[in-house]
Every structure is written in C-alpha cells, then in structure tokens.
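For reference, the structure I am asking about is given below.
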Amino acid sequence: MTENTALQNSEQKLTAKDLVTDQEVRWCPGCGDYSILKQVQTVIPELGIPRENLVFVSGIGCSSRFPYYMETYGMHSIHGRATAIASGLKAARPELSVWLVTGDGDALSIGGNHFIHMLRRNFNVNILLFNNQIYGLTKGQYSPTSEEGKITKSTPMGSVDHPFNPIALAMGADGTFIARSMDRDPVHLKDMLRRCHQHKGTSFLEIYQNCNVFNDGAFEIFTEKKTKKQETLFVENGKPLVFGANNEKGVKLDGFTPVIVDLTDSSNSVNDLWVHDERDRVKAGILGRFFDNPAHENHFPRPFGVFYVEDRFCYEDALNEQINSVLSSKGKGDLNKLLRGREVWEIA
Amino acid sequence: MTENTALQNSEQKLTAKDLVTDQEVRWCPGCGDYSILKQVQTVIPELGIPRENLVFVSGIGCSSRFPYYMETYGMHSIHGRATAIASGLKAARPELSVWLVTGDGDALSIGGNHFIHMLRRNFNVNILLFNNQIYGLTKGQYSPTSEEGKITKSTPMGSVDHPFNPIALAMGADGTFIARSMDRDPVHLKDMLRRCHQHKGTSFLEIYQNCNVFNDGAFEIFTEKKTKKQETLFVENGKPLVFGANNEKGVKLDGFTPVIVDLTDSSNSVNDLWVHDERDRVKAGILGRFFDNPAHENHFPRPFGVFYVEDRFCYEDALNEQINSVLSSKGKGDLNKLLRGREVWEIA
Amino acid sequence: MSKQTEILERVIIKFAGDSGDGMQLTGTQFTNTAALLGNDLSTFPDFPAEIRAPQGTLAGVSGFQLHFGSVNIYSPGDACDVLVAMNAAALKVNLSQLKKGGLIIVNTEGFDAKNLRLANIPEDKNPLNDGSLDNYQVIKIDVTKLTRAALEGSGLGIKEIDRSKNMFVLGYLYWMYNRPLENSIKFLEEKFSKKKDILDANIKILKAGYAYGDTTETSLRRYIVNPAPMPPGTYRNIMGNQAAAIGLIAAAEKSGLPLFYGSYPITPASDILHELARHKNFGVRSFQAEDEIAAISTAIGASFGGHLAATASSGPGIALKGEAIGLAVMYEIPLVIINVQRGGPSTGLPTKTEQADLLQAVNGRNGEAPVPVVAANSPADAFEATYEACRLALEFMTPVFLLSDGYIANGAEPWKFPQADDLKAIKVEFLKEKNAGGKFLPYKRNEKLSRPWAIPGTKGLEHRIGGIEKQHETGNISYEPENHEFMVRLRNDKVEGIANYIPEQKLDSGPDKGKLLILGWGSTYGAIKTACIHARSEGFDAAHAHLRYVKPFPKNLGEILYNYEKVLIPEMNMGQLLMLIRSKYMIPAIGLNKIKGLPFTAGEIKDKIIELMK
Amino acid sequence: MSKQTEILERVIIKFAGDSGDGMQLTGTQFTNTAALLGNDLSTFPDFPAEIRAPQGTLAGVSGFQLHFGSVNIYSPGDACDVLVAMNAAALKVNLSQLKKGGLIIVNTEGFDAKNLRLANIPEDKNPLNDGSLDNYQVIKIDVTKLTRAALEGSGLGIKEIDRSKNMFVLGYLYWMYNRPLENSIKFLEEKFSKKKDILDANIKILKAGYAYGDTTETSLRRYIVNPAPMPPGTYRNIMGNQAAAIGLIAAAEKSGLPLFYGSYPITPASDILHELARHKNFGVRSFQAEDEIAAISTAIGASFGGHLAATASSGPGIALKGEAIGLAVMYEIPLVIINVQRGGPSTGLPTKTEQADLLQAVNGRNGEAPVPVVAANSPADAFEATYEACRLALEFMTPVFLLSDGYIANGAEPWKFPQADDLKAIKVEFLKEKNAGGKFLPYKRNEKLSRPWAIPGTKGLEHRIGGIEKQHETGNISYEPENHEFMVRLRNDKVEGIANYIPEQKLDSGPDKGKLLILGWGSTYGAIKTACIHARSEGFDAAHAHLRYVKPFPKNLGEILYNYEKVLIPEMNMGQLLMLIRSKYMIPAIGLNKIKGLPFTAGEIKDKIIELMK
C-alpha cells in the first residue's frame, strides 16, 4: 500500500480538533511553537491522510515535545536521533506519512550526521526544523545556527562559532526539497507544509521560530509588520524576485552576482529580474546564500519559500523494489531450505 | 607561539627519511595509501615545521593507520572522531601543525557530523580524506561515497544509497578550503598538500585512493594514462578550464550552464572559457557538481585541484583572542579570589 | 502590641510559587542572609521540568527549600516547618511535605477562581475556606493587593509591580525571623543598579513586608535562630556545579596546567559549562561541542596536548561517551569525566536526582576498561571531590569518573573555602627527554604504574598512541596473546593500586564495631549523617562510613565492614553499590533503596536504622 | 610398498600459511569432507588483523584449525596433531601449538632465504635444517615445484599455477586420512564452472597430491577416523554469524513478522549483515546505517512500525548504542541487540575473541535500565540462542541482548538443523482495538507484565511513546515521584519475571551435588565440556552447568550452586559473571580467567578442575 492508496482509504474527514490530544501543551506562553502546532493541525486534515497512518517523530528539545500534542502515532525519542528513527520506520512501513519535528540543536548539532544522511538517502519524510537559534529546553545556550558573537550562558563573551546556513548545508547534502518559512506567517507556513507533503522524498522545511524566553526577537525583523516587507523575500516558482513595502524592489543577476534594484527607478524593469526556478540548483544555491546579518548595510532580504526541488528515487522505494524483484524472480524464501543450507549429510 | 614562529625554531632541515617510523607498513601490496604516505613524507620537510610540532590524527580504517608510519606525534583514535579530537588538540595548542587522515567511511559515514562542524568552525587543521569509495578495513562494504548500484558484501543486489558528493557537502558546510587530488599523481598531490598547509583554516583535501583489494580500479579512468587526460580537469586559479589528450577541450559557461567545447573547432576560443577563480563560491559550486558517472554519455571531466578558498577567522584564534582580551582587561585570575567568591562571612 | 519571641534550633522553610513568582530568588536571599548571620544551612531548589510550564498549573510550581539552624545542618531537611505558597498549585504540590501543625503563609490572590482551576481544585474546595487546613497555622496575606497599593503612583506598569511581590514575602519572613534587610538591599542595589525605579520599588516592598509583620497581627510570634557552632573561619555559600567548576580551575592552577573543558549542554550538568565559560581569565578553554562524543573527544585531544582536560554530562550523554572513555583508558591519558546524575533510564526525569549511574561508570564500556570513580557528598564537597579526581587523573595518567547528582549540583551550603596555598599539591611534569637509555618508551611505568606524559612540541619524544592493544613499554601495536593479558592486568593493577595512594576509609560517626554500619556514597551523606544523629539520640548507635572512592575501594574497607553485624547501604537506585560490596566482600549487606527522583529524608533512613537495630 | 593404516579417535589439524595461500579454503574443504563422512567436528579460523599483511611475514599468517573425530567433539581442540606450514612464518607462529612428536607437513619452497628473512629467522637457523624440529615428524614436500611441474604446458600463468598449490596439500591429506576426493571435486566444479582451465588445473593438482602420498614414501602411515556416534539425522555445517542470521529470519518467519536489521559494519559482526543482505526473498530489510547509533535507531523505528527488529555490533559499536538501548527500555518495544564480542578495551584486538562485554550488556546504560541477556554457546547454538532472544523480545516487549563472540562467529560445527515446524511457536498479536473499556492504555500489562503492541495504521490506537518517565498504564509523561519508583520496579520485575517463563537451569554433565561445579556461559562451552570429560576420565567428577540466560538467571540457579562445595567460573575476562554470581548468591565462587584473545583450551580448565578437586 503506498501513501496515495492509503489516502483513499480515509473514511471521514478529519478536523484540526481531531488532532488535539488530551495532554496539556507545555510550551512557554508566547512561544512560536504554538503557532506551528496550530498550522500543522490545520493543514493535516486537508491532506486526507487517515489519522492512524500519521506518525510524528521527534528528538529532544522544546520543539520535540510536538508529538505529544498530535493525536496521531508519535515517538518522542532521544536527542538528535529522530531522523534515524524515522528512516527505520519509513523503510519498514513506506505507506505511513512520517513527519519529523526537530530543533536547531537536535537536527544540526548532535543530529547533524543523521540529518545529512537522511537527505542524501531521500526517505519520503517531512522534516520540520524549528529554528530558534538557541537551545530552549536546556535554558539558553547558543546553537549551531546562532549568529557569531552571540552572548549566551555558555558564551558570555560571545560565540566564536561560525554558524551553519541550514539551507546551504541541506543543498550540500543533496536534499531534494528545501524550503523556509516562519512561525508568524500562518498562511505561508501552511502552504509550505502542503508542499512538504506533496514532495516525494525528504522534504526539509526550516521554520524560523521565536523563543521568547531565551532568544526573543531573533527573527523580529523578518516577522514584524514594520520591517517584514523590506527584509524578506517570498519566492515563488516562476515569479520574479520582488520585495519591499510596495514591492518596489527586486533582485536581478549580474552574471553570478545578485543585485538589488530599485523598481521605482525607471531604468529597471520587473522583466529583468531573476525569475525563481525551484529546479535550478545553481540559482537555489545563490538564493540560499542570501544570509547576511540584517544589521549590515546593503544586505539582502532573507528568502522564504521553496528554494529547491528535485525528483530522485526514495531509499525505501528502491529497497522495496529489490525485495519485490527477488520475490518475483526467486519466489518467497523457504525457511526449511534456508535451514538446510547448501550441503547436508545424513547420520543414520 | 603561532605556527609561523614555530617554523622558525626549526633547527635543521628534515628529510623524508626522518619521517619514517620503525613500524612495518601494513597496507596490502599495491594499495594507494603507499603513494600518499610517500608524498606526505616528501612534502612535510619542505614546510619547515619542526618534527615535534607535527601531529597526525586519525580515526579507524586502513587509511587511519597512517600516523603509525609518521615519525611525528600521532593519535590513532576511534572511528569517526579524529576531527573532534583534532579540534580539541588545536584549540589547546594552536601552534601545532595538525594533520588529519581519514577515510570515506570514517569522515563521511560515522564521522559526518564532526566533519561538517570542523569545517564550519574552521580550525586550522589539514584534513586528508582518503576516498576509496569502500570500507577497506572491514573488508568491503559500500561507503557513503560508493556509487548507486554498487555491489558489495552488504549490498549484494546493489546499493540503493545516493552517495555524497564530498566537495558539495564541504561547500554546504561552509568549508574554507576545498580541494581534490589522487594517489596516482604525485606531483599534483604534493602541490595540494602544500596548499593545504598554506591555508589558514580547515583545509579539506579529498584524495582518490585505489583500494586494490575491495574496489580495484574505482578511479582508473581518472588515474590511468589512457583515459586520464580525457576524463580529468586539472583546475588552476586564473587559468581557463582546459582538458583532453592535447588540451583540445574546454569548458565555458552558458549562463549558469557549463558546456564542453571543442577548441579545435575554430569557432571556439580559449578566451571564452571559464577561468577558474578559487574565491568564487558560486562557480566552485558548479565545478563541484561535475560529478557524473563517467559511464554516462556527455559527462563532464572530473575536476582536480583547489575548488574553493575563503579567508575566515579560525575558531582557535577567536578563542585565544577572547582569553587574551580578558587577561589584558581583568588580569590573570586570582585563585584565592575565585575560591572566596562574591560574598563571605566570618565565624569566629 | 508586643509580640512573643521564641528561640528555635532549626527551621525548614519551603518557598513555593509559580515559576514566574521569583521563589528561587526569594529563597536564595533568605539563605544568604542566614549565612551571614552565622547559621549553618543547606538548600535545595526544585524546578519544574518545563522551561515555563503554563502559569498557575501544578507543573509550573517552582520550589526552594532551606534548612537553617543554630546546630549543624547536613541536608535540606525532611518535612518543612514553614510553607510559603504563592498560589493554589504551590500549596497543593507541597502540602504533604509540611509538618502537621506547621505554618503556611499564602498569597490569597493566588487562590482565586482561575488559580484554583489551573491547579485542578474544584472551586468549592478552596483549601483556604474548606477547613482542610485546620491542622495547620495559616497566615493569609493578599500580597498582590498590598504590593500594588504600595506601588501606586510609582510609574511602574502592573506587570513590573506584580513582579516585586516576592520581596514582600521576603520582608515578612525577615521580620518573622528577626533578620536584617541590609544584605538583600545591597543585592538589589547591585542587581538593579541601572533601573532605579525598579530598585526603589523592590526596596519599598521589601520594607513593606517587614513593616506588615511588625504592625499587623497576622502573626504574634517571632523567632530567633542563633548562629551555629561552626568551625571558625571564613565561609561562603556554594552550589555543587559551581564547586565542581571551581575545583577544576583550582586543580589546573595548582598543577600549572591550562584547563580545557569540552562539553555539551544537558540538565543538570550545564551550569558547570556556564560557570567555566565565565573564567577565561584563568585561561580556561571551555568548548561547547556538537555532541557528547565530540565533547569528550576534544578533551582527549587537549589532554594529549598537555592540558588538564575534563568533560561533564548527565546519564544519556555519559552513555554516548562510553566508547571514547575506553580510548582514554587505552591511551592512558589524564581526563576527568563528571556525571551529574539525574533520574533515568533514558531521558527519565531530567530535572530530578538519582544515583543510578554508578554501575555505568564502573562497567559501562566494552572490554576490561577500569576507570577510578570518585563521588561528591554535598554541594561544597563537590569542590574537594573534583580536585581529587583531577589529582588522580594527573598522577596516574588515567581517565577518572567524578559522580555528582542533581541534588548536589543545584543544592547549596556554606563552605569554609580553602586558601589556594592549603590545597594539596599536584605535581605534573612533562617528560622532557628520552627515558630509557637513549630510547623513548611511552608506556614505561613508574612505581604507581603510571606512564610519562610527553606532549607534542617536545623534541625527540615523537610517538604514536592508539586504541589497539599496545606492547608493554613501547606502546607499539601488539596482537600477542601473552602481552594482551599482561596489559589488561597491568591496567587493572594500576587502577586498583590507587588504593595505596588514597586515604584509608574513616568512619564519619558511630562506634568502630558493633551492630550496624551505614555505608553510603554521594549525596545521601547529609541524610545519613542526620539520621544517625537522630537514631543515636534515640539510643540506636549506628556507625556511618561514607565513600569518597568507589573504585578502587579504600584498602581497609573490608576490615571496617567485617566489624559490624549488619551493613546497610542506602542508595537512590536499585542497589548498585550494594552489588559491588556484596560481590567483593561477600557480606550480605542490605539495601535501602529509593527511586523517586528525590533525596532520602533523614527520617526514612532513621526508621530503617531502628528497624535493623532493635 | 604397502603402508600401514592406523585407526584414530580424533585428530586436530592446523592448516597454516600466508594469507594468500588459500588455507581457509583448504581447511573448509577438508572439514566438509569430514562432515560428509560422519565425523563430528569443530573448526576455528585465525585471521591476521591486517587485510593483507605483507606476504611471508609473521603478521600475514592465516590459520584454520580443524578438530574431527569418531567421538563427540565440542571444541576446535587444544594442541594440534598435525601442522601444515606453507612457509617459515606459518611454522614459527604455530609451532608452539603442536603436540610434542606431532606431524609437520611443510612446503619447502616456503623456507627459502626470502621467506626466512620475512619471518625474522636468521638464515643459519632454518628450522628445516638446524635440528630444532627433531622432536617432531617432518614431511618436507616442495609443493610449489611439484605443482608447477604438474601444470607445465597447461597454458596458465605462473601466478595462477601457484595459486592451486593448496590443492596439492589437500589431496595429500585426503590420501593420508583415507578420504574421497569427490566432494571437493564437486565443489571445484561449481566454483570454477566458468573457468575451465583453472578447474582442470585444480583437479589435476588435487589428484597429484593424493597420488604423491600413494606413491612416494614421504609417509608410511595412513589413518582412518571412523564416523562419530552422532544422533541420527540430517546435518549441515554452520558458522556462528550465519546461525545468528538464520535465527533472526526463522524467528521472523515463525512470528509472521517482517525482519528489519539495522547495522553498521564492524569486525567480527559484519558477516551477519552480509548474510541477511542475501535473503531479501524472505522480505528481510537489511539497512547499513551511517553509524551504530543510527543502526539501532532505525531498528527502533522499524520495531515501532511492527517489524521484528534487530541490530548487531561488537564492543565499541555497542558502547555507542547505550543511550538508544535505554530508550527502547522505556518504550518497551521488542528489539534484539547482538554483541559479537571481540578483544577490548577500545579497539583492542578486533580480530580476536573475548567475553569482556557481559557487564556492559548488564549495566552499560544510564539509570535502571534492565535488559535480558541471552548467550550463545557455540556456532550452531547461535541459531537457537538468537531465536530465543527474538522470542523473549517479542513476548515480553523488551530489548534483549544476545551475546556471541569472535570464536563463535567464525567457528563452525555440524548442525543437526531443525525443521521449520519443529521450532517453538512465537505468538505475536498486534493490538487491534482499545483495551480498557473504550479507552486505550498503551502500557497496560498482561500476566507477563508485557504491554500491547499497537502499530501505526491501526485505527483508534493512536498514541505517543517517549523516553521520559511514563505514567503507569497510560504512558503519559509523569514526573510523579511514587510513579517513578513504581515504574522502575515494574520494569525490573518484568525482566526478572522472565525467569518464570524460561527453562530451569540443567546440568550439562556431572553429579548433581558434590565437590565442584563449573559454571560457564558463552563460548567456553566446548572447552569446559571437554575438560570435564577428561577430568572425569582421570577420576575427578566435576559437574558442569552452562548458562543460556545470564539475565535473569534461571530460578533454580541458586539451588544448584548451593549443592557444591566449590564453584568455578571460567571466563575470557577478568571475572564478570563471577561478580554477578557472587553478589547475587553470596557464594565465594572462584574465577578462572584468560584474557589472551584466545579461547580456553580444555587442558587449561582440566588442570584447574584437578587442582580444585584433589
């Protein structure tokens, strides 16, 4: 049974409410996780997956509490290993819809290796990485996505770690679906969640999430009305890269160099702008590097949306094909034959 | 003491012989590791580093036996962790010249996480990754660099893992020096080793290495005279991308798309070719993706040389700057004060 | 109206409220003042597992227990004399810990309809009205209202105003226990030096709380707790994790080595990292690694480089370090591994305490990989235990386990801190030249079976180390069967031989032979000691010995054990030391086991003592 | 000339040569033929640690020991009767294992100047000439020369010709022990079905070797080893790793579950992965993970998904799995963890055997995380032990450790394999509907204290599991102190309770009370059994019990132990079972410990028996 036929077995339509568990949600009041939970609970019913075929897998961290709040199957596991656990589950049960919830520490610090290996193997799993650029659960140490110079409990003089660019890392690991969204934009987030589901292969969605206790306002500039339009770039396939309060700015490519242009200046036209192509690896790479510190002058806006998509076989499909092909060529294994082996002798 | 002042302390010139230990070299006869060992022993003396300031650190694998054969300080450690061990050593002793020898399994399978974290932190360490696309020491299982469909002991029906592209992965992890060489080209290999040393920051050198017992000929097409010139592209900074038996072919860029051109055709000129720029991240990215299966038609030649270089602060320098800055502002810590703490009371 | 003043020997106060109510700060302030007045004391905070559980809920209750007295205090104490409850949830969670007849001080505003609902109390069961507190003395104060009234017109917002209500409680308790306000005022002045309005508000409320006690008739009693007969000297207050951090720095300073600390955050060990990160002026290199394996691996690298290297974690993280610890055993390099134990297995009860990782420390690796194990007894003792772990690591060129736990880590007590000069010397000498007639033998041993430490940069001592079995003395790879057995036994002998260089086991109290010995290790110290005192006062004179060294055991431990008819081993696990003692000494020692994520109370142990002795 | 024929009861032959000499194949061929003739037998290969150590060196020697007889054989045997040495290094490495007066068959060409030098033998000390072999019978054959001569004109290159020289030795031994060539010829025909010239050459040389024995006077004796009195039935030869792999498949088939195997290669466990990867037609999903943590994690995921899930590794890899094993303990899901033990600590002696990971299996995790431990005794027994581990995992919803070792993994012996129908049933039923009156309680327990298995895809049983302490029955997160203690004890009781569902401990041989019991576990089985037989024949009648279950111990183990004055526990470690037995049963059991990376010889154990009994 594939995920799609499973879809059709769905009997009655779920509602967001059906996905709420009897467990009290225990994030700090104001935490960005609430909004993400809500959007997930809203989108899932649209997808027509029977509740019993959904599994949420997580590691450890504030974000990793997620499965407890989803009335589906769920595994809250150990720090950094959700990707590996989900790989095993998906290899065993390809027909399940597996969602993985992880944090910047969980996925990129302790879990970095399983993360990149999942991307290259391309299991058909949806990874939601709640990036708050901090360790929430352990009360505020810097994470591999914290900015250079970050002052935290473990770096009172500022961090000297150069942070990962999660989009670039995922590209380098041959991820087949790479996207970014934010907790504070429900419409966009829901859209991205749908896209994750649609993609066959590992869908990696980075979600900027505000930790209002230990890293409040880390993404304010991208999420708050006052600055959002200036500082963000919502990309859509086939559409030119336009941003700004009144869509008055655009990005064009000068050779390999992206340049911000002022569309109010008549010498510039929307038609010259870079048109987003999700399937162009090189351009996705350039877009992924729009990652400057917004405090720097002449910085680029931060892109949101789907950076890159590629079709590639999924590990579990290839594995099952092998099994099916032997089964059809050799037939189902005979245990007695296996026990007997190649060469036997009799003792009377 | 920095690495450079250490250099000057060197008293008498080393020779390759001085770097040979009394331990019998125990790789299989014909193994590509021999040649690499030889080139390292040849290059090191040129660098003028006193022998006692050299440390070779390795994990586990055939390649990881390397330190036993270098008459320097050395650590043969555990599988996958050499990068982490070297990070600690370099953080503690920045003046040492630290070389890391690892395999495709050691660095990219079990050690993948420490590998990408070392790259982003940019410790000034030289990573030599002996890529033989196989697990040698454990007698022939596929590795994360083995090609799709690879038949090995653990994949009798062919591997269904999509392999890493180590260059792309290192780019994604924000590596600051990324290069490739091969066991069978001593001159090039030596050159790359020198470049590794010169680069301040983590130097990542992938070395194609023939495992003649479990994966013989994996790189034959790149290393053997008959095909080498057609199948490889030796890149040099500032030079156009030219290859072929008589340098009759070149690569130019058509927008973002690399195209192979025939230079014997008069409509093409060397002047139109892509000129290699080590410091161009986007182009390095495209170059790194010259990674087709040479069996495919119209495939690109495999590049060798330095793909990418970037200057970025090293973790250990930033760390030591912090220490020095507190030392100069606060002065050396006073243990009695520390023991005493902020608030005390007397009991008479 | 004049109020009665009573002299008390000891008091246990539990400050409890919502996570946002500032009870940790209130408790700490009261503690510091008590310390300055010369009381002996011991404290233990009790955090909620969530960062910020929803306000007002049972899960969100944060507590701080203080035990102070004019007598010696060895633990935060069992049942409380006083319970401060800022809301209904705090009362509900903590009431069972209060002595019958004890005093409850409540903030009435915390018992409104909303708070009752959040605490899952039916509205008609409001404990303030339904008679369920009849067996206690209850002082009801509408702290919120009083605070707001006092700060009316201060210009502060209601949120900021409410945030200072804990000062009211503190002031009230200062009045009740006859304590001066100065110390806390000084603290506030430092803390809010840049926020004058908030500073003023806090001081005002602190004084208002004091005045409230003085003028109203909420309580007719005040209490005096005189200074304790503590050894003369200068004291400070210290928490266990802080003590461990300072112990590492002290050992580095005394041995003349730079300190490297590789760690990955985990509750309840993270504060060691935080503390060390603040002391870069001691040359401390603290490194937050990508995971626990990297953390210990970086420490191994730094140790090879000649640093005093340490790593710390808690159970799950320690599990990840097992392979690398084995490597350090083979390398024979100094390394201190701190396990701040928490409730297990797996993620378990991350914010709670337990002692269930002892056998993991002793056996949790592949092959015969002996590692000495040192245990800390109390927050202040964590300093000495850590220092000793460093000393053993350096002098014996070996990884050493230091076991602490959540109770020690977050607990605090007065510490008669030493002077740097008083600390035991730690002599470390790097090998400078070849040690065997023109040859260098990296695994040649001294009388302690310890090998030389030859660090990179030393000319002529270039050598390679690895995890494959080594030839005796040369350290070269050797697959030779006889050599393997020899080396396995040698490494074992080296660790067991440490028994010759550590103090003999002493009794902590009690007769040197007789009916019952209580053998403890780790944070059960205070509870056992107190239990013995109480049992003794009831005529049951049990002896108490407490292990600093769990591996190897002190040489004379067997002798001591054989002097008693019965041996009782209280542990916060299913009987781990018990197993080691039974198998080694063949005595039918008895376990007293508590696995609740909570420390023993002295009462629990005392009851067992009496049961076994009568 | 007619040659004398002697009947022997048992023979131990060691085939030794350079890694490239094909000694493993020669040994295997001789073994298979012996098996077909009805001999009982046991074998053990002895690989060099390097993949291909330099030719001719001591490090490059590869050996294969075969013990076969007309009596029951329980181990590859102690000292050899016959040593085949293809070169000087092979002789030097193995000579000490040869019985005084034993037979040496050498290839003289392997003793030329070059080979002597490579073996570090001074040229004037050529053992073939210097009289050092005077106490042995030496048969010198220039195998290389004879082979080349026989194949002159075959059209094959010299390298290919030389590669068939092992067939000469095989033929010669077939002659000496009166064995037919047919079986090996059949084997060659299959192997070289596509290389006719090489096939012909090999057969020719095999026959040449036989003929050489027949016609020359190199030996005047031939031997007959009659069939052994083995229980009637059909037999096959099997190696330990293969048996474990088949055991997993059999358990999956019998339980009706698909098999998932997550693993990362490591010596000596990799062959289980290789074997399983070949059986995709049983629906086996074998997954080579990026490391050991991922390997067990994938297995955990698959187990949650309803597969029979297993993982295997050796010591260092098992160390890495500790944290995840703890998670599986908390989850209470079925999982089989196989540890093919090798020499430790750390990387240790990767190609050698040891039993030093027992305490790691029992205690190597944080917190109280009990896991049942099952041990395999011999290569064939690995099947049953694995099957049993699976059964326990599935019936008790728990991770289970299966301990094997390098000696079992690579050793081989005849196996009277079962029929699928004869295998114990394994009943697995996924929960299909709510189990508590309209509610679903994922941690509700049956009489075995086992919880239901409700897998994704089952409507109405959606639930969440995690590593934080769980509330009894509901499985919800609970920080409640009483619940924690209750659950820790419950998980412990569940594992200890398995003792009620496993067979009682039986004696393997010897009197049921008396002076001495030998208690063993794992691969010491054959050596202990043989030692007991020999000691008995010398009048020392010791009893032997061998543990299949190391945790929990069988219910009646104490009773058995108390029936003997002394208990001896031989182990290839420093006394790990010893510690468990001493602490649990309070008996002063005695350890016999060998830590050489080599199995015990029966002689070593017999000597100890006699020492203790006389």
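Here the chain labels run A, B, C and D in written order, and each chain numbers its own residues starting at 1.
As a convention for this text, contacts are C-beta pairs under 8 Å (C-beta built on N, C-alpha and C of every residue); 3 or more make two chains touch, one makes a residue touch a chain.
Source: prediction; values computed, not measured.
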Per Cα centroids, the chain farthest from subunit B: C
Pair joined by the larger number of C-beta contacts - B-D, A-D: A-D
Computed distance of Cα centres, subunit C from subunit A, in Å: 40
Where subunit A and subunit D are represented by their mean Cα positions, the distance between them in whole Å: 45
Whole-Å gap between the CA centroids of subunit C and subunit D: 46
Where subunit A touches two or more other chains at once, by residue number: 60, 78, 109-110, 112-113, 117, 144, 157, 161, 319, 322, 326
Junction residues of subunit C - those touching two or more other chains: 59, 280, 290-291, 293, 316, 323, 327, 346-347, 466-468
Of subunit C, residues touching subunit B in the complex: 32, 35-38, 227, 230-238, 246, 249-250, 253-254, 258, 260, 262, 279-285, 287, 289-291, 293-294, 297-302, 304-307, 309, 323-324, 327, 331, 416-420, 456-468, 476-477
Sites on subunit B touched by subunit C in the complex: 21, 23, 50-57, 60, 67-68, 70-78, 81, 84-93, 95-96, 113-114, 117, 319, 322-323, 326-327, 330-333, 335-336, 338-348
Contacting residues of subunit C [partner subunit A, same complex]: 50-55, 57, 59, 264-267, 270, 273-274, 277-278, 280, 286, 288, 290-292, 316, 346-347
Partner subunit A, residues of subunit B touching it in the complex: 109-113, 116-117, 120-122, 144, 157-158, 160-165, 168-174, 256, 280-283, 285-286, 289, 312-313, 315, 318-319, 322, 325-326
Complex contacts: residues of subunit D adjacent to subunit C: 49, 59, 293, 314-316, 318-320, 322-323, 326-327, 329-330, 341, 343-352, 354, 356-357, 359-360, 362-369, 466-469, 479, 481-482, 484-485, 488-489, 492, 573-574, 578-580, 582-584, 586, 588, 594-598
